[in-house]
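Order of writing sets the labels: A, B and C. Residues in every chain begin at 1.
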Amino acid sequence: MVHPCVTLLTDFGTGDGFVGAMKGVLQRRCPGVAIHDITHEIAPGDIRAGAWALATAAPWFPAGTIHVAVVDPGVGTQRAGLAIRHCDQWFVGPDNGLLSLAASEPEELYELANPRYLQEPVSATFHGRDVFASVAGYLAAGTKARKLGPAVAAMERMVVPSTFRTDDGVQGEILHIDRFGNLITNIKASDVSGPGASVRFAGHTVLGLSRTYGDAEGSAPIVLVGSSGYLEIAVRDGSAARALGGEARVGATVLVVQSSGRETE
Amino acid sequence: MVHPCVTLLTDFGTGDGFVGAMKGVLQRRCPGVAIHDITHEIAPGDIRAGAWALATAAPWFPAGTIHVAVVDPGVGTQRAGLAIRHCDQWFVGPDNGLLSLAASEPEELYELANPRYLQEPVSATFHGRDVFASVAGYLAAGTKARKLGPAVAAMERMVVPSTFRTDDGVQGEILHIDRFGNLITNIKASDVSGPGASVRFAGHTVLGLSRTYGDAEGSAPIVLVGSSGYLEIAVRDGSAARALGGEARVGATVLVVQSSGRETE
Amino acid sequence: MVHPCVTLLTDFGTGDGFVGAMKGVLQRRCPGVAIHDITHEIAPGDIRAGAWALATAAPWFPAGTIHVAVVDPGVGTQRAGLAIRHCDQWFVGPDNGLLSLAASEPEELYELANPRYLQEPVSATFHGRDVFASVAGYLAAGTKARKLGPAVAAMERMVVPSTFRTDDGVQGEILHIDRFGNLITNIKASDVSGPGASVRFAGHTVLGLSRTYGDAEGSAPIVLVGSSGYLEIAVRDGSAARALGGEARVGATVLVVQSSGRETE
């Protein structure tokens, strides 16, 4: 029998051995299960960044994959642990919004309440090992998810800021800054149409979209459609985040102006 | 035949390709063997931190697992290489104390002296590849450990500071600071008993134990029983190491006072 | 059927989920394929460092291994993607020199032009996922490389500086600085012969070669033959890069003087 694979995403770093302990529990529960690290370098407690990375990676895995994600500042408190089915994949982690971008349309939701599938005893501070890795190992080995605990109706959701129309175009904001310093917005490519469109942010106005990072001339910022389908602001062979300084932060406004008319700023 | 899995722990980082070379040797010696990274981010030469991470992770893996650990400032000198059996797992690495916390009760100890199981020639500076990965690959493929070299009676051991009783309670110290800035001590939960117990460190006195990180009020430090069973000092949604500044270092004194009596400080 | 294993080397970091997306595509194309991370911590756009790490790791893997390497500042521009056979391994990545140190003697070279083996549509900014991981997954699953696109005759090559003879000896330079601060040169061990040989760099003169890092006395720099067979400059229990300061940079001159004669500097 080929087991489904398990992915891991945490804010644990690797230097303390916590991730190793999770891998050990997975191997005990499901000997030989393949484990793929997504990342362990989410900044401590940064649920938003963890949710983003999970949503970037998870859809590309095959059906059956079990994703374990742990960015969990509320570990040991009343917040529940969940196993969620979405697009025939399973997502296991705390109910704090971390899973909600990737598993946005849950088909099944269970609270991890059945002690039979947890490490005994469950520590108050390391559910990554005692709850989430344990449950994922059982799932990988063939345990039915409905045995893990009661079905629940809803989960905590992370609020993703929406774009909205202004008199002149579409206003959005920066959602994420990636390792390369690219500023990824919540504005879809389809919001920029027509040759006259321009994008305004942090005192800059960029006319039209580039296709690749290499299309930029010099160090002026460009706007292109990133690999997730949203507009991103980039600088050739450099970091837009660094080039734009303090203005390049998550939440900063980005305005797409469709025509040459005035905008309200 | 299902091979046992191999774990890797080093201070190599990953940017130079050293860890990749070790993985290659493992695949050559035992095609298809599953490799699980524990960490490669131990600070260069920090044997103590490597031993800690290995001891945190290894016990959770199943019997048969082969752990390769390399933090080895004495590479190429007279220090021996070892394969140690402990709790039906194997530990392979330099004889410098690195393995001694995880493999604390060796059932078998062999010096890696048989050149048949080493890379030929053995470089003077990269035993991770030429000795330890090579040997681990042979072990994973079924080689008997007694063929690796002569049995030896003892290994270098890392000294872990003991706690001791004072007139008023138990005195211990900080053993490790984790990624979250939690300060992990050598004091067992059972050393704190009774409602009047308090914990003193770095000019702070904390009354009683909290159960979770979330139990803290504001930014005052709390003390709780960590996932390894020892007392740790934490700050809610923050880093105790940062909050306590220079006093929060490995080796700093922590005092558990059992009653309201005087203590000798 | 046992699939060959796939290695990954990128400058993506892991925090954004890009590497996870590549692993997902690989699992979709070739369910169960083993994936081994070489590194994702190459500095953004540093093709030279990526080529170095790949050349350090790849030769140790068994025949059949498929190496995917992506350090690709020109993504989406006219630069081609390649699959290269070298020593019965496959190398998949951009044609920008990144593969040229490891796959230095190509036996077959194909341009990745056949859309059937790419993610549909191919994004302009993430060929790691849409081109290279996709192609590697097909290769791992058994697709013949000649189906990937037209055979090509040559690839971009990274220029590795040569050593040259001077009146007194051999002049080379620093090629790479590793995590430990060791300075790795392009001078072969065989260029240093005779008991009178000395090595000059950054105002220092070191007489003779040491065998191990532990051979150094105090904090004076030593020269030894590193694990790749080239001379490297090291400091015991410390970083030569830090000890030598600004002089210890990639490209800095290193001179091996064979006798006690004068050298021209």
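Definition applied: contacts are C-beta pairs under 8 Å (C-beta built on N, C-alpha and C of every residue); 3 or more make two chains touch, one makes a residue touch a chain.
Treat the numbers as computed from the prediction; the structure is a model and nothing was measured.
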Across the interface between the identical copies chain B and chain C, with over half of residue numbers shared counting as same and under half as different, the residues used are different
A CA-based fit of chain A to chain B gives a rotation angle in degrees, as a multiple of 5, equal to 120
From the C-alpha centre of chain B to that of chain C, how far is it in Å? 31
Two-or-more-chain contact residues of chain A, please, as numbers and ranges. 34, 37
Of all residues in chain C, which touch chain B in the complex? 2, 5, 7, 9, 34, 36-42, 49, 52-62, 65, 176, 178-180, 211-215, 224-227, 237, 239
Under the stated contact criterion, what part of chain A meets chain B in this complex? 12-25, 27-28, 31-32, 34-35, 37, 44-45, 73-77, 123-126, 129-130
